[in-house]
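Order as written gives the chain letters A, B, C, D and E; numbering starts at 1 within each chain.
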Amino acid sequence: MLEITPAHYTILSAALFSIGVIGVLVRRNIIIVFMAIELMLNAVNINLVAYAQQLQNLIGQVFVVFVIAVAAAEAAVGLGILLAFYRNKETVNIDEMNVMRW
Amino acid sequence: MDLIWLIPLLPGLGAAVNGLLGIRYFSKPVAAGIACAAMGGSLLLSLFAFAQLLGAEHREHIVTIANWIPPIPLETVSGVGQFEVPWAFRLDPLSGMMILIVTGIGFLIHLYSSSYMDHEPRGGYVRFFTYLNLFCFFMLMLVLGSSFLVMFVGWEGVGLCSYLLIGFWYHKKSAADAGKKAFIVNRIGDFGFVLGVFLVFFTFGTLDFREVAEAAAHMPVEAGGFGVISLICLLLFVGATGKSAQIPLYVWLPDAMEGPTPVSALIHAATMVTAGVYMVARNAVLFEHAPNVMFIVAVVGAVTALVAATIGLVQTDIKKVLAYSTVSQLGYMFLATGVGAFSAAAFHLMTHAFFKALLFLGSGSVIHAMNDEQDMQKMGNMRRYMPVTFITMFVGSIAIAGIPPFSGFFSKDEILAYTFQENKVLWGLAVITAGMTAFYMFRLIFMTFFGEYRGPSWEKADDSHGDHGHDDNHGHAWHGPHESPRLMTTPLWVLAVGAIVAGFVGIPAAIGDFIGVGNAIHHFLEPSFTAGLAGHGDEHAGLHLSHAVEWALMAFSVLVAACGIGLAYVNYVRRPERAAQWKTNWAGAHRVLTNKYYVDELYDATAVKGTMASGRGLWTFDKGVVDGAVNGAGWLTRAAAWVSHVLDKYIVDGLVNLVGWIFAEGSYVFRRGQTGLIQNYAVATLFGVFVFVTVYVVARYVG
Amino acid sequence: MAEAIAFYTLSILILGLGVAVITTPRTVHSVVFLVLNFLCVAVLYVVLRAEFLAVIQILVYAGGIVVLYLFVVMLVNLKRQPEEHQDPRRLAKIGLGLSGAMLVELAAIVVYSYSREPSSVTAPSPAFPVQGNVEQLGWLLYTDYLIPFEVASVLLLVAMVGAIILARREL
Amino acid sequence: MLDTFIIPLLKIVVLLNAILISVTFMVLMERKVIAWAQSRLGPMRVGPYGVLQAIVDPIKLILKEDITPVKADKMLFSLAPILSLVPALVAFAVVPFGGDELFYVADINVGLLFFLSVTSIGVYGIILAGWASNSKYPLLASLRASAQLISYEIAVTMTLVSLILTAGTLSMVGIVEAQLTDGVWYGFVQPVAFVLVLIGGLAETNRVPFDLPEAETELTGGFHTEYSGMRFSLFFLAEYANIIVISAVTAILFFGGWLRPFPNVEALAFLDLIPGWIWLFSKIFLFLYLFMWIRATLPRYRYDQLMRIGWKLLIPIALANIVVTGIVKVLV
Amino acid sequence: MATQSAPIFDTDELVINMGPQHPSTHGVLRLVLKLDGERVVDCDTVMGYVHRGIEKLSENRDWTQIILLTDRMDYVAAATNNLGYCETVEKLLEVEVPRRARYIRTILAELQRIGSHCLWLGTHAMDIGAMTVLLYAFRERELVLDLFEEYCGARLTYNSMRIGGLPLDIPSGWDRKVREFCDVMEGKLPEYEELLTNNRIWLERTRGVGVISARDAIGLGLCGPPLRGSGVYRDVRKDEPYAAYDEFDFEIPLGTRGDTYDRYLIRLEEFRQSIRIIRQALDGLPEGPIMGKVPRLLKPKAGETYHAIESPKGELGYFIVSDGRATNPYRFRVRPPSFCNLQGLKPLIVGHLVADVVCLIGTIDIVLGEVDR
């Protein structure tokens, strides 16, 4: 228990990821959904860093750099779309963003 | 000579600059200056290269500037060939002569155009020069290309430019249609050409002219049969007929006269239309190995020459006459190639480029002076108003009619001599054509420059307008026919000189021996047609006629030409009423000729209507059969549904309710999948992941 | 020992703040919890000796991305709470259940596999000509991963342009 | 145990206290400096020449009634000042006051990045303060402030890249040592970067002429309009701690930190008699004085002008500086 | 101005109240600003917070008592208020004022102009963030106040003139002190200029900000420096000379662009011109009485009159109707320059940023006591 193995980090990561998933699935405020996605990305990052440490291999960390870059791009574009949507519809409720169905 | 790649590049750059920047930003003089400078530079380089070529020991020079298509192994008839196309240019006597023609005449026509097109709005003016430069770029690429593929780039490029320039006044429907016609007809020819190129690669495993020629040289002459080389040559010749307006694909060229006159002069007289002749000459070795095809070429050439000449007899549009004359002269060239006189063909190509460009430019000058009037019946007595144009055009006409010592005489005569040696029937056709040529050309001269003025009247220019000079006369108020400005007459003079002297490089043996000058061009060009035939040079077709026969032939052809001129003089100057009389006496023949043998109508009735009809047939099939099947299926379904509906409702009520309930619930469930709620889709995704993970767990740890 | 203390403390903080992010009713509070969460993750990276990532995590995530969220939250001046309207067809409960099940499954996999074969595998990266975390990471990014790195920069540029276009008033 | 926990803890305690006390005296110094610049005397009543004002001011602030507006978001309203102060203090962790291990809390290999990232957190305090106050002026000011901070942060970060290129390390101690090795203060090697960092520092600490977020005459005090008492004083502390840390970092990066002038000239070795930390402190004081001097002299920029300077002037120059530095670095 | 293409989306316009408690509204002016982002799209000026009914009060006061009330209008330039009122009544009474009194009045009025402009300069610079200028300007204003204190005993509300002349002659040595002050002031002006005139930031903040064309300025009824800043040559001292202005040599500075920077330069030049006038007045100060022949009981005959002077803020006019029976005016009306200039505020502000609002309030130089009366 006191020795911290990658398993610990993996479980932490899985838990954080699940929290993110729950946030994505349950919340109706799309901003919070976005934030939950960020949580999920972070969970993945924790895993990558933990294994980079375990395997003594920096490639995991390299991937984290890319994940962060992608997250930044996602946030910028996603929030841009969100703002444009909000200006038109005056809402950020994900349940009201369903004009593209059937 | 290593700089020859600059020769096409300069006009290309000019086109790029004018096209990308000029249309928006440049003034007329700047654009024209850039275009002319590009052409001028190109001309200088060509002259330089040509001079070097003359001095060089080995008269062939290939410059590779880039690797275009890297080696790709492709299967050919002789195993696996490396399909490799370097971006290479080839300078040899034939292409050397051609670049001189293209750049020289091109430069003159650029100069001419800068004045001729002056009444265009600025954008159109710049656009015109862009196209013109682009054309020269592609034409030079065509001429210099060292392989079929590079040549094909130029080949298609000049086709494009031809299309653009014919349809230059695209708002005019006839011009746009003519452009389309030229493009489409050319496509038919190009299709043959491309097939030929494919076959060349498939047969020889290379596309380089030299390698092809060397390979072909070692193959037997397909004298008796119709082998693969014959097929290649036939396909290539189809391409040539399209580009060079031979039967049956000549119909586009007369219509192409809708384009501006300098375009007609450059593209549709001097350069592009001779590309086919050039291409055949370039592949002389191949054609030598396919005598049957050679014969076809000769026949097609002769027939085209005759047919076009007959049509030319009755045309009244000054440019149409010249157009048919061009077709006819191209026929001459093919006749020459067909009888194996490649150098004669090339020689005629060169002299023709001079005098036909001259004639076109002169006619442009006349049209210009007549305020865009092209009908010769509305001209007359123009020599009074525009002496320079008259003199130069007169020179051109004498040249084309074949009166010694003008250039046309020498080249035409050489062709006639070769033909006589090869086939007397074709010779007869050619001689008749020569007579007709003389007749209709002088008909043109006489109708235009002699007789009474028949054009519209004009207001006398008052003094206040007189100050504006010639350039102001276009568009607004027309003050009668007038001599063209200096920029337009200068090229006329230069070309007239060319039309006189160009023939002296090819003085026939009979005269040559007499005055001690050899047939320079014949010897100069010879290596181009025997490339790869190091030991076979002597075997090549030569003129084996005695000097007496030659003299006789010359005298005869001059006589025929003189007869044509005389006839024209009698009919159109001395007794103009005779022409009308002829018209009524031979009404049927005249109608046929005026309507160009109804070839356009024929094509319309066969090719165009045929295509349309087959399209309509397919449509009918689609509507009647395919849709019928669908509709029938639909009807059947409806009928079955009705039956099942009746069954459901009246027979098995309880079961129906159950089934209905199941379907309702089921559809509800399925539709619920499409809620438009992103999160529900995410749940579905998650469920999928969950299933996968579960399967993994079970498979890995439990199972 | 020290690592264990750090790990458990940070885990509790990370998970607690994560739960706070998705449960807090006020969006601004959510954002604040998110920032704190990211800071804790950054500290976790320090524990894992990924100093550069830790700093980047703060600089980019906490200092950049989340500020963006905060801006948006402040710009989106809601007249009615988004939670007021719920589509009856949502499968929130199923999603919740599935997520829980997933978590259990993942944990089971991890625990089971590690209890079987305690991992001591290492696959060290090849020797670097430079020392230090930043230097080595930089070395990798600018040699083996140069193209992905450049692609990422293009991605960011595109995202920037896209965001500017989207956020313009006259779309 | 001693080395890993106790000593660093002691250092932190000493450092924090030193900072907090120095802030109070810095306020006094500012009041005095500006007063002299404006031909006044400044505080004179409390203690000789008003020296004790430094103690009285915080006491006054602490004793004042701490008001929370009714419609404010209570949690964030309290959190904001803390979020503002903590990063300012944390940034000191990587500031070395001397070459010896005694003089810094930590010398991590990403020290400079750490400094940048930590200061970037400070913007939360301002945004949240403005938002949580639920009042219009603070909101306006906090939007201005966050835009300003983010813009200038980019400029400063980009500028520092060229410095990092020059030094070849991210460690603060390493940078000073690199200056010792190179024998020249980087302020002379990178004068452009120095000026940019100074301007960016002014903007990041919301000082004149970039003090828009708290421009009293426009926005009645900016984001902390609704704050009073202790919470206000936390903002106050944060601002001044930021000024100190910016001055310290500027001195370290560009003026050789604890090095004496001309560190490689042997003839000046006698200057080493003065301990390094005094050199550093005097440099910091010089910058503090510069900040105050500027405040007494210049008017304030307008919002759009400020953003224009940031994006259209500083960032391009910073980029150009990076390019030039890179080229020189490659060539030399 | 600067209206962008109409936004498609109806974005929230933020309405903020600037004032009545705000550091930069120079008293209790209240502006209701409608903001689109930082840009002002509309502005409502609300005033009246210090309305004391001075005009109505005056109709129930003795002619002499009213002087006291005029002090309370433009309280930073009490002397010019006194002057305007006294001259109006003198015109009504057709009283001749002795030449010495007119000279001293001119000196006082110009000193007052310097004092008022000092206050304006300090606050204007302060609004734009240059805090040191405020203290420098107040330092010199202090000297002006000292001079007034020595002359009449008061530092703000002077009550320094009487109908027909002056209450007091100048104290001995006062003229020397005024001269000294002139020298000091002349020496200090370059200090202000050094801090502001060529300061990049000051230029950026004031150049091209609040531009108003001459046509608009006249149309809005602006007066004083805001009018002259747009290039309109209008100064009551030149156009309709009063006191002793026709005897002095001075110039009226004019602007060319009509922006805030021009108005700033004009007022700075007015400092110099005031000093010039004061020096000339001191040089030519005639001997003689300081009070004209005024009846004990002031009872002007029935009639009405309007008289205007150039106060530091612009054209200050009084309109008085006397019914000829009472010892108080029948109707008393003031045309205060601040009030008229306030008209120009809205067109100046709309289209600018919030930060410019304070700059523009500063540039028109209003005193709310005068606006509200």
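The rule we apply is simple: a contact is a pair of C-beta atoms (placed from the backbone, for glycine too) under 8 Å apart; a residue touches a chain by one contact, two chains touch by 3 or more.
Since we're looking at a predicted model, the values are computed, not measured.
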**Request:** Would you mind checking which pair of chains has the most C-beta pairs in contact?
**Result:** A-C
**Message:** Centre to centre, using CA atoms, which chain is the farthest one from subunit D?
**Reply:** B
**Message:** Counting only Cα atoms for the centres, state how far subunit B is from subunit D in Å.
**Reply:** 77
**CA centroid of subunit A to CA centroid of subunit C, Å** = 6
**Item:** Whole-Å gap separating subunit C and subunit E, where each centre is the average of the chain's CA atoms
**Value:** 63
**Message:** Counting only Cα atoms for the centres, state how far subunit A is from subunit D in Å.
**Reply:** 33
**Request:** Spell out, as numbers or ranges, the residues of subunit B touching 2 or more other chains.
**Result:** 675, 677, 679, 682-683, 686
**Residues of subunit E whose C-beta touches two or more other chains** = 9, 11
**Item:** Interfacial residue positions of subunit B with respect to subunit A in the complex
**Value:** 674-679, 682-683, 686
**Request:** Name, in rising order, each residue of subunit B that touches subunit C in their complex.
**Result:** 672, 675, 677, 679-680, 682-683, 686-687, 689-690, 693-694, 696-697, 701
**Complete:** Touching subunit A in the complex, subunit C uses residues 1, 3-4, 7, 11, 14-15, 18-19, 21-22, 27, 30-31, 34, 37-38, 41, 44-45, 48-50, 52-53, 56-57, 60-61, 64-66, 68-69, 72-73, 75-76, 78-80, 82-87, 90-92, 95-96, 98-100, 102-103, 106-107, 110-111, 114, 118-119, 121-125, 133, 136-137, 140-141, 145, 148-149, 152-153, 155-156, 158-160, 162-167, 169, 171
**Complete:** The subunit A residues in contact with subunit C across the complex are 1-12, 14-16, 18-23, 25-32, 34-36, 38-39, 42, 45-46, 49-50, 52-59, 61-62, 64-66, 68-77, 79-84, 86-87, 90-96, 98
**Item:** In the complex, subunit C residues that touch subunit D
**Value:** 2, 26, 28-29, 32, 35, 39, 51-52, 54-56, 58-59, 62-64, 67, 70-71, 74, 132-134
